[in-house]
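Paired with chain B in one complex and with chain C in the other, chain A is shared by the two complexes that follow.
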Partner chain A sequence: MTQHVSPPRGSADKVPPASESFAWRGVFARADVRTLSLLGVLAVLILIGGITKPDEFLDTRNLQLVLTQASVIGVVTVGMTFVITSGGIDLSVGAIVALASVWATTVATQEYGFAGILFTAVIVGVGCGLVNGLLIAYGGMVPFIATLAMLASARGLALQITDGRTQIVSINSVLDLGERDAYVLGIPPLVLVFAVVTIIGWLVLNRTTFGRRTVAVGGNAEAARLAGIDVRRQRLYLYLLSGLCCGIAAFLLIILSGSGQNTNGNLYELDAIAAAIIGGTLLSGGRGTITGSVLGVLIFTTITNIFALNNLQSDVQQIAKGAIIVAAVLVQRRTASTT
Partner chain B sequence: MAPEPPLLSMSGITKSFPGVRALDGVDLEVQAGEVHCLLGQNGAGKSTLIKVLAGAHQPDTGRLRWRGEEVTLRSPIAAMRLGIATIYQELDLVEHLSVAENVHLGHEPTAAGFVVRGKAARRSTAALLRRLGHPEIDPARLVGELSAAQQQIVSMARALSHDVRLIVMDEPSAALDPDEVDNLFRIVGDLIAEGVAVVYISHRLEEIRRIGDRVTVLKDGRAVAVGLPAKSTPTREVVALMTGRNVEYVFPDRPTAPAKGERPLLEVQGLSRQGEFDPLDLVVHPGEIVGLAGLVGSGRSEILETVYGARKPTTGQVVVDGKALKPGNVRAAVRAGIGLAPEERKAQALLMLESVTRNVSVSSMSRFSRAGWIDRGAELGAARAATRELSLRPDNPSVPIRTLSGGNQQKAVLARWLLRGCRVLLLDEPTRGVDVGARAELYAVVRRLADEGLAVLLVSSEVPEVLGLADRVLVLREGRVVHTAPARELDEHRVLDLVMEGSPAS
Partner chain C sequence: MPEHTSRFTSRRGLLFGTAAVGAGALLAGCTSNDSSDDEPAANDQPAAAESSGKPVTIGFAGPQADHGWLNAINDNAKNRAKKYSDVTLEITEGSNDTAQQIGQIETLINKKVDVLVVLPADGKALTQVGLKAMRAGIPVVNLDRIFNTPQAYRCWIGGDNYGMGLNAGHYIGEKLKGKSNAKVIELAGLDNLELTKQRTKGFDDALKNYPNVRKVARQAAEFTVESGQAKMAQLLQAQSSFDALWNHDDDQGVGALRAIDQAGRDDFLMVGGAGALSAFQAIKQDNGVLKATVLYPPTMAASAIDLARALGQSKGISGLSEFEIPASLTLYSAVVDKTNVDQYMSTGFK
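Right, the complex of A and B next:
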């Protein structure tokens, strides 16, 4: 099936151009064009970073920092990708991260140590997802409205819990994971979690009945229903999944900052949606890509890093992000119409 | 040469959609001040023709003359500017706007070019409604609060708010009570007295006798008779024109011994839905194909969807193999072995972004998975086997389903249920959007599935299809079974008489 036309060594300069493009076509056929173009954008960004700040940007510690920063929003984006693929939206992710992070760092919770913090963060995330899912799947609410309501309530509750104060974590086993030189299996712990969530997410979306149902519900909910899929239960599970990812992200954020704050996760919903969309997940549902979403997250985090290294303010960053979203979607519309 | 050219003359209009030639060289000539009736069975091309006339579809070839001058209708607005207004069967009103706003949508009376003069709009709307004999409709009310009949009046007022010379009415009487039909005819009479031409589409022959001047009959995308006198052409001749076919469909042979005696596989007992269809009883034995024949609005699709559990019945129940199903529950029906090939294939059955394989396997994923993990090799193999059995083309289930023709997409839907091991197959308009050549193949597939022991319940608006394919036929009119007979004992004329006979006015 694959076209292997690589010429024998030494005769390279005699190869007719046609067969070279043939080889390229073989590569393109396997890895899809969209993923390759995202990798291209990332490569260009790394090039820009390397040229403008060669010493700082390409430093191992800096690259590690980029990946670590990408981890928190990355985990949220994996959950968001599932929800968007099913034709839904979850505007409450940032607020859920905030609520889970403060609930898990109260004095009472910290008495239960590492496990107490982890458990609480996950349970609060899943609980919020459960409420979202029930309202949307069984209450017949539009996802936009239901999760907007959750956004407001969860933020309010987070503020009520903290009273606006930063809750410092005093559990050493948690703080140790956030140290700059902390490694698990040779990888920074946050990055490891991000990688595991990504791999599981990819497998679930592409290789399981759960993933298939998600795509079917997003592609044509009526057809899915008439094909015998329990569309409502699937929707409930999807918001639970998104909540679970928020809980995990909240735990990562606690490790990273050594604290819980009600302002955590601000505008995560927009970052996660933007990363999923530029990655190639259809906002209207029916097609989703975990690979694309993760590349989207990496692109945004790299931009932030390069701008920070070059002492550009966050307002410039925001403008650049907006421009990239527009450019990416326009390019995708073009490729979609030509294929 | 006539001193005055006809108001409208269309000649040689063709229009093709992927896989279907909807119009195949249609001529139509309409004079000012006449009621010109358009007759034809479902799928004959009436809707496509009026959409061409409304500027909503562009014809592939053909010429359109308006008062003797050749014109091109690039958009609905262009048609409207000439004075052509269309009242569609599915009304195109904005429910959340008021009557007056709907009537003036797109051409609101304004001050200074942009400030909508609401009072002026309401005044002129009230005048139009008075002219239509419905002064009781308040121009300020929301359209969504009106009855279907009132909405139709609003739609007509909208047509008249333009300087209209030709009004196309697509089955305007379908949603109306008898006295409302009388009012409609009065309006039509007023319009032609003013010199406006009316193109009137209806299935009801006696309506056409009452108000029509001339009749054009469409069949299989062709005009088979142009400008027949509406009042004097014998019914038999009109029906013969509508039904006589150039293309003879090839139907598979029926089994010599009908599958009686065995226990019925599907039993529908007193099933009804308020306002859609009256209590219905029917049984389908294994190996049997039962057909429901009827016009649009006779409740055909609603019956199938209720049997399938996609709609909740008001009364009655569905029994499969002796076991009653939980009413209004699709999953219960699927578990009991019922499969539906719905009427709107793209909207109700297919995942258009996905491959054939995934469309086929979607209802039986648990068969290729363990603990939710899909064995893609087994899935592909099963999908390939199921699509091969139906000789689906191309013979490669990995291609996207949207690249398939209508007939092969339908086969993919059948393959889905075949793979699921379904025993009762509900087919709703199985050959809609399937071109003529592929139909015979689809008919053969359905018959073979029945021979293998499936019970098939078939719904179609194409009478020959029901008669040719089914063993037994139930004729429906307005949600009621008016006749039941073995298909051999019925012919097309008889069925058309039954479904068109009478009207709300009689």
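Right, the complex of A and C next:
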């Protein structure tokens, strides 16, 4: 146990001096200390990876690999961050990714080629988000229950469509996007999409009225309503947004795996929530950070990558992952409270 | 109601609504998966005794068919039963919920079917209901996932996980004969399952016979395409060169092959597991790394129907001297490669 805790603690010692060394420290708001501590955790992980497997870990291909693996869950996490910031939760993201990915890869959809697959994935995602949003915002259902119901139904529908079969994609224009030839300046297209979604997400949350409304609804819904915000409509839009992110993620997953399967997106809800919370988004709402969420995703993906490169087995991986989550949150707490 | 909808009858609302309905209609048409040849796992093998005899009602209860292999199990059972004019198949809606499956089997017992074929969602948890059926005088054919006690079934038929690993290991060992310092990696299935441990043990035991071969890495995926792609991509990054790969499951193999393709690697030999149609096709085409797959045959469900019919008619198995069917049948995990793939093509599942 202490072995796992010690490396991130090392980063706790490093981070405060690093932040103080900036003469323009005033630029950094309080929330950014969290971000810096996350960067510290990531730096320690990179150090561990670099020491244990220098040749395999510190390699352009490995960087491409880690970022690619982070893309699918990363896009989902951006949507999840908005929902959690508003005080809600979306347990259905994994199921929506599964449903969108199988709906978009049926024999009938594939007849419409690239556009058909992209369109179906996105529309199915948005459609599920719409149902979630209507149930929660206008049906008065608790987000936990409404999205849990969506989780069950969407998984069921995905199973019904596939009949348990793996639907292999035969559209070359889709498959080619996952190949090395499609890399733009060494950056995989999936990573580009992830980056664009992240940047848009950051701008929307931090620089628009929509973002400020989201934070306001999460901080105090009643106060937000009295301030003239249409809380219901805002909630509807947020679940739509999460659904949209799931649709995009489903398309990325189709490119990555070259197929659609009803088991896709297994436990994404937990991964996305964990990444957002580790990133510094408050589970109770009112505060959210896209940068933190993305760093949370990258920390998880890097951990998985280091474990696999060192050939650790599933049991050890799971134990260590749990310990690292706890350590990362503790480090973050400490740095946030001491500054 | 119409009074309140005035807000939504704006032009924007109308446009959006029409678009949504249109998209919905288009999407609904897109759930179809019918393709020209959707006849799965046809059974060309001869049935036990072709001539029809005493009518037998067979009750069949299996888990929810949430992936290709289990789906093939259901199809095999149904198609086999259809072949016999003297067999009526009572098939339940598959369920992964133990309580629900117990209920379904009890319903079949109450219906007084002649023989039961049960593929339990969880063998240990369903032992009691197996015992109950046997006590009620209904012989049980236990398919694949075994009950806790032999008292709960008349006959067990299933695959051989240890044998899968063993045969995969021997195939790879023979292929790498004469190659000094050969490196092998393993992409295992879900590590929570005992069967994964058995497959790995068989594989390791077989490799011990080949001193020149060494297993350098093992990662466990989750029997899904997505996990197969993710784990394989990491394995390829971890091992810059190796000679052979055994992947436990052809479903996750779809993802593994995708990762291999994406990494542009073709410097090794790959052996799969289970026997999916896509794997058979790749082996036949012989233009990639996948050269063979080790069977875990879903045709066992068809054989279970044969056994159940023989039980119901108090017959033995033709070709064996005994008057009774055996108490236990472990199927052989044959290696399918280019030389014999045509023979197995019809048993491949999607």
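One rule holds in what follows: the second predicted complex is superposed on the first by the 291 of 339 C-alpha atoms of A that agree within 3 Å, B and C clash if a C-alpha of one lies under 4 Å from a C-alpha of the other, contacts with A are read in each partner's own complex, and residues count from 1 in each chain.
One rule holds for everything that comes next: a residue touches a chain if its C-beta (ideal position, glycine included) is under 8 Å from a C-beta of that chain, and two chains touch if they have at least 3 such contacts.
These figures come from a predicted structure and were not determined experimentally.
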Touched partner set for A:293, first chain B, second chain C, both or neither: neither
Which of chain B and chain C A:262 touches, first, second, both or neither: second
Of chain C and chain B, partner touching more chain A residues: C
Touching partner for A:92 - first (chain B), second (chain C), both, neither: neither
Partner chain(s) touched by A:164 [first = chain B, second = chain C, both, neither]: second
Contacts of A:106 with chain B and chain C, given as first, second, both or neither: second
Which of chain B and chain C A:214 touches, first, second, both or neither: neither
Chain A residues touching chain B - in the complex, by the definition given at the top: 207-210, 212-213, 215-216, 219-220, 222-230, 286-287
Touching residues (chain side chain A, partner chain C) in the complex: 53, 55-56, 59, 61-62, 65, 68-69, 103-104, 106-109, 112, 116, 120, 123-124, 127, 159, 161-168, 178-180, 253, 256-259, 261-266, 304-305, 308-311, 313-315
Complex contacts: residues of chain B adjacent to chain A: 308, 310, 330-331, 334-335, 340, 342, 347-354, 358, 362-363, 365-366, 369, 372-374, 376, 416, 420
For the chain C and chain A complex, residues of the former touching the latter: 23-24, 27, 29-35, 64-68, 70-71, 191-192, 216-220, 222-231, 233-235, 237-238, 240, 251, 254-255, 258, 261-264, 276, 278, 350
